[in-house]
Amino acid sequence: MDCEEESPQTAPAFAGLDSSAADIEAARFIVIPIPYEATTEWLSGTRCGPDRIIQSSRLLELYDHVLDADISKAGIATAPVVEPVLSGPADMVAEVKREVGSWLHRGKTPVILGGEHTITLGAVQAMRERYASLSVLHLDAHADLRDTYLGTRCSQATVMRRVHELCPVSQAGIRALSLAERRYIEEHHMVTVFWPPPDGAWLEGLVASLSDTVYISIDADVFDSGFLPSVGTPEPGGPGWHDVWSILRAVTSKKRVIGFDVVELSPHGEVGDVCAYTLARLVYRLIGSIHLYNELQEASRHG
Amino acid sequence: MDCEEESPQTAPAFAGLDSSAADIEAARFIVIPIPYEATTEWLSGTRCGPDRIIQSSRLLELYDHVLDADISKAGIATAPVVEPVLSGPADMVAEVKREVGSWLHRGKTPVILGGEHTITLGAVQAMRERYASLSVLHLDAHADLRDTYLGTRCSQATVMRRVHELCPVSQAGIRALSLAERRYIEEHHMVTVFWPPPDGAWLEGLVASLSDTVYISIDADVFDSGFLPSVGTPEPGGPGWHDVWSILRAVTSKKRVIGFDVVELSPHGEVGDVCAYTLARLVYRLIGSIHLYNELQEASRHG
Amino acid sequence: MDCEEESPQTAPAFAGLDSSAADIEAARFIVIPIPYEATTEWLSGTRCGPDRIIQSSRLLELYDHVLDADISKAGIATAPVVEPVLSGPADMVAEVKREVGSWLHRGKTPVILGGEHTITLGAVQAMRERYASLSVLHLDAHADLRDTYLGTRCSQATVMRRVHELCPVSQAGIRALSLAERRYIEEHHMVTVFWPPPDGAWLEGLVASLSDTVYISIDADVFDSGFLPSVGTPEPGGPGWHDVWSILRAVTSKKRVIGFDVVELSPHGEVGDVCAYTLARLVYRLIGSIHLYNELQEASRHG
Amino acid sequence: MDCEEESPQTAPAFAGLDSSAADIEAARFIVIPIPYEATTEWLSGTRCGPDRIIQSSRLLELYDHVLDADISKAGIATAPVVEPVLSGPADMVAEVKREVGSWLHRGKTPVILGGEHTITLGAVQAMRERYASLSVLHLDAHADLRDTYLGTRCSQATVMRRVHELCPVSQAGIRALSLAERRYIEEHHMVTVFWPPPDGAWLEGLVASLSDTVYISIDADVFDSGFLPSVGTPEPGGPGWHDVWSILRAVTSKKRVIGFDVVELSPHGEVGDVCAYTLARLVYRLIGSIHLYNELQEASRHG
Amino acid sequence: MDCEEESPQTAPAFAGLDSSAADIEAARFIVIPIPYEATTEWLSGTRCGPDRIIQSSRLLELYDHVLDADISKAGIATAPVVEPVLSGPADMVAEVKREVGSWLHRGKTPVILGGEHTITLGAVQAMRERYASLSVLHLDAHADLRDTYLGTRCSQATVMRRVHELCPVSQAGIRALSLAERRYIEEHHMVTVFWPPPDGAWLEGLVASLSDTVYISIDADVFDSGFLPSVGTPEPGGPGWHDVWSILRAVTSKKRVIGFDVVELSPHGEVGDVCAYTLARLVYRLIGSIHLYNELQEASRHG
Amino acid sequence: MDCEEESPQTAPAFAGLDSSAADIEAARFIVIPIPYEATTEWLSGTRCGPDRIIQSSRLLELYDHVLDADISKAGIATAPVVEPVLSGPADMVAEVKREVGSWLHRGKTPVILGGEHTITLGAVQAMRERYASLSVLHLDAHADLRDTYLGTRCSQATVMRRVHELCPVSQAGIRALSLAERRYIEEHHMVTVFWPPPDGAWLEGLVASLSDTVYISIDADVFDSGFLPSVGTPEPGGPGWHDVWSILRAVTSKKRVIGFDVVELSPHGEVGDVCAYTLARLVYRLIGSIHLYNELQEASRHG
């Protein structure tokens, strides 16, 4: 019988940067599109997230005036799309773990574009095998700490519970959770910055709570829903662009970030394009900031 | 002749909370959907407001981390839809008065979802009959103090003028009004907080201007149009989520709120869903905050 | 007290044809925008209908290849918008009757753009006063023959019942009605062409059922909902462009049409623009076809 | 540990017909909403299909002029939503089989609203257990006869292959398929009416190919994409409203239909509402036509 | 000074078919995306046409049941995007001529995706240099035969006048034109099939009017606006899918087609995706039909 | 040969203020709609900007509570639309220069509504001829200082480079630019306030950098993309309503503003209406603020 599967499609490359086999070999950062959407959200469409972020990223200026650098010089290439596996979320998580693991093995920093949040579990599993002291920074409107949801322990509503079973997790931006999730946070003494944040040095505390090797998982709904409405489960009262950037800048100034994901964009219409571009810019600047840290470390080691 | 009217439809229940006859009997707060839209706005669609707010409210977490409480325990049920009466706005206002009055008679706190602002007049008429010392807090971008509009004294542009003829009104968020409305405010020494608000203790002044028994009318366009665009007559330069919540928190900490409405949502597309959810969250938290006040009062009376 | 009403706005002119006082004086056909929407439909927005039809009509070629004529030579001008009266539908119907009557008095053929169907009643009342032998051709997916609806005898669901109480009505395109409406049709021996039409000479029968002086009321939802979706209550299984045009051509070849309306367009987004243009083209060609009949009659009278 | 699952939500009832436990007990037809969407389509959103069809069905006239009957008298009630199971498509199919089986056990005719096409497999499994001589009429633009797809043998692209392994399947409307699917049809001598259909008596042949007991599965994309665009994988060149109705009328005149589904509506915006209503009307009329057949059979048995 | 131009972007390949340099070398048909939009339409957005057609073409089945062939075997590859030149339409036409000419020189059949209709002029200029006996089949709702428009002789409203100055043009689908255009057609004895077409053998006449070597220019608005609404200037009353295909089938059965374009798609929202896919399917099947003709000719030459 | 050009269309008047020849003669401020869009943006649609701003401006209250004045008393009328010239951007710039120059000659303050940013060059050319000491305040997310772009030195990406070649330019809001543009700013010692702005007295510095006679060019994308998404190239992290107003207030308090433009609105759907209204309000209040300055100067001259 002939194979009837559709062949993997080459996604257009992030920021329009060439992504031939040689480019990928040379790159430090690998953008991995994972258009997986198979558990239930309110406003569907996260499967279109990676494509729309990458499409809009063609508009990016390569130079970034805040970092005063041409970030593309960090070495960025785009991997082929990780096709969804539809036999169940556990199979998909295993697929993501395998993919991300192979990029880590080749010495790359994975930059994962979702897709629904479930994929973060596969990414952290791969990271955790490689980095024993891993901790995770989780930016989100929701705690995602349920134990089970709609018949599975593996979904976007339970993903950070599964991740927290693997390694320490610190959270910021949280403003919607169940009482059981609140109790879980308290019982496990998790560092969670609810939003609006308390007065005082919460940002320093957040950074201090992380180990030296950090994976960052950014659910697009961490942003205020008035600022970034095109997500599966929007929440008002969240941080804006400068708030989120301040957190990321603080963490990337002090910690080694070995990968990150941006998930849960659910783009519709023209507003969806605007939100996709916003996340493209966030991804690009975060790559730049991680790269600057790595270069400084490199310099000080050889200095 | 057979009756050809469509029969009243049961709306889905707010926050997915059961609303059988027994549930309604037991509830303290009654959510009343009034999808009335019959006078002219710019961007039509307010008739869809109640349905969309209630649909989106299924997504609410029952627990609210700001109040640190499961607000559903306050006792919330949803009444049948109040069907529009199309013979003219005065007839509809009379219908609303009758409906709201009957809920007051049964000892409930009405939570009215519009629909256009005109319905507030019927609600206040019912409230005023029951509470002699009533005052009204009016959050809106517009003063709504015209005397007549398009051939009627009873519309969304004149509604607060009619309300003010019944009882004291204090306003906040106002940023679009006619010169005649400005003069009316001055001549009647109304407390109106224009937006952006002045420096100083305007919030304390606003609270102090209200009597002890307060009805709150929230026109969704009080929010900045960049934050909540899906309204009939959006206005830039208004308060955001935390600003509006601060006002509501201040009032519900000091006053007995005996009912409120949220009107003029005009939801279109995915952005409309986001705005509907934002208002659902506002309604839910405001119920919680009113309930906490009532419980404290109860406790102190019996303490 | 200063008048606070908004002043009437001049609508842009149909087909971009000049509409100064002198142009109106000279014109045979007067396009009258009536953006009234005050009773309840499913998909709201008919108040935007006249504006969108007129906006899109700027794109019309003045020459029409089917009639092989420059239709603008018929003499077409656009009247000021008839502002909604919001005190109730009966008041609005009276206003429409007054407006249409005054144009008839000046010897014009009214071309009414709605707005909801209710306005047809006012137009027919004015027509009926002037033309004793008037009959009405009603193209619609719905019979609109209810006796009362949501507390009023005067709405878009009852309008043709009220019209039929004034003069004979023949219908085509009908495919959604209540049992009571079906019985009304049978009891009153109305000529109603349900859709799909029966085999045989239904069109000849329809034309023959009309008196020599005809008013045409076209509810935009007469068109199949796959062809023209932007209406308040769309219905599948209706006639297409050529079907509707065939009916109109047949009637205008045999009867004197002394006015017509096109109502119930509810335009949203780009598809709404397409539907608006389709109706603009229908209006323009129908004017042309009426004008050709009038010219032929004129010629034969003087021949 | 507290249960953290969301509780099942009561969907609004189809055609606004009461659906209390007693109503369900008395009904012959049970509308079952299954908002399952977990395998990949192009244009996502089928999870919203059942809700939008039911919402729009409130607009239906209970009387249908083509059947000249009040179809609601057939006895129609709406079941609770079948919540998605997210552990994988095979688990969901099992859940659907269980649900549908229990309704069959109670003597009801299931009317299933999807959701993605995958659910048809569970429905047919339940039907097949009860009716040994079952055959299936499949209306679709696509053959859905792939053997595997994206890692699973159980998806909307393979569903009719799985169904055909259980019982005979005849198809109509097909206009997009792979070469392997074409060969499968030929090798298995399936009766497939490609679209546009051939000249001659294809409809009689299609009806004749079915056994006396028929389940009908209607993928909404069987309709021409210009007529019904809001589906996951639209295809031009398909049948229109009257074509599809002719097929359904022919089958329901000769065969006992023991259940049917309408799947793959993916509604967006106002056009999505129009498409949802079109399918609501199709569902309602198909119920009526099945009921008329059943009554005639009943009459002849007792005649 | 550094070059500040953005570098050309590689478009995703049509039908997902590999388009490396070697693939292009081997291909017979070259899909050329030209996202040029610089003169004024009503509903803007034709610059997004090529991208949306190609994106949607990933969904195509490679096998086509009407031609009973895997069309991809014809040899299809996608060229890099032809970037707009913004210094004026004449410069852009020259650029298109150069690009198309170079593909002709390499022995390819160009398949051009626009973008606005203006680009057809450059394509025909290149074709005309190579094929002395060229004629053009023009499918469109509009005649596009104006002499000048908004200050230029080179725009989408004048393009076929310029083309007709180069070689014979036959038209079909026309239903909107100016009186001057009508006269131009008559004076130049052009074969123009207005829509709806006359009774009789118009299709045979249309085919006979063409020379043996034909270029086809398809303006997407040739389709009825109810079937394909996402175009810059939609017109009702046009041909549907099977009508257009019948014309193309007739021409490709008798004539050697040496290139074609599909222009003026202006895609918005989900309906825009549906229209884009419809055109992708048309392009694919037209390639297949041209290829079958070429193979038959080849066979008969060598037979 | 007959002229086939479409005749210029009269746009509806800004703020609904009468704009007869006499009104224009009497007015101090002339609103000039220039719906030109001919070079490439990401999200097209700027040609609809002027129309949508003017349509939404009908909703403006004539009284403004911040300035405590009826701004319409300043004398505002709307000029006919400046029709696009399509032979190339240089020709269009020349047309704009001619138009704006003629209004300056008549002693008016031009208020230009775009359309794409390219038109600013023509406006500044006309201003510069009249005011030798002109300087330009440029509010934008992008520097627009490229030297060439897509084959032309005259586009929305190069416009401020061309303007800066004519007179001094100060910028604010900038947050996306190329390295070459950054160097151009430094080499030419331009005053550019990047966003977020630095601590300190940047606003005073910005005002001080301008000469006494100022033209203001406002690209709508200067606003944060979360606040005003409907622009061609949105950028997050920008100023909000009060930020932009503060800059404009500061400049208009100290400088004579002799004209301004608001360009690059690209309105889609309901969100586009909201953004259009926001800009209408900005335009209206900026007119008011300029008028107050002029009156104060007048008063002090005559005082």
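Structural remarks
Per-chain residue numbering starts at 1, and chain names A, B, C, D, E and F are given in the order in which the chains are listed.
Throughout what follows, contacts are C-beta pairs under 8 Å (C-beta built on N, C-alpha and C of every residue); 3 or more make two chains touch, one makes a residue touch a chain.
Since we're looking at a predicted model, the values are computed, not measured.
Note on connectivity: the fewest chain-to-chain touch steps from chain B to chain E number 2.
When every chain is reduced to the mean of its CA atoms, the largest separation from chain D belongs to F.
In terms of the distance between Cα centroids, chain C is separated most widely from A. Computed from the mean C-alpha positions, the centre of chain C lies at a distance of 39 Å from the centre of chain D. In chain D, the residues touching two or more other chains are 6, 178-179, 224, 226, 268-269, 271.
Residues of chain A touching chain B in their complex: 42-43, 174-179, 182, 194, 196, 224-226, 229-230, 233-237, 268-269, 271-272.
Against chain E, the residues of chain C that register as touching in their complex are 56, 59, 61-63, 65, 70, 224, 226-228, 240-242, 245, 269-271, 273-274, 277-278, 281-282. Within the complex, the chain A residues that touch chain D are 1-2, 4-6, 37-40, 44-45, 47-48, 83-91, 146-152, 154-155, 178-180, 268.
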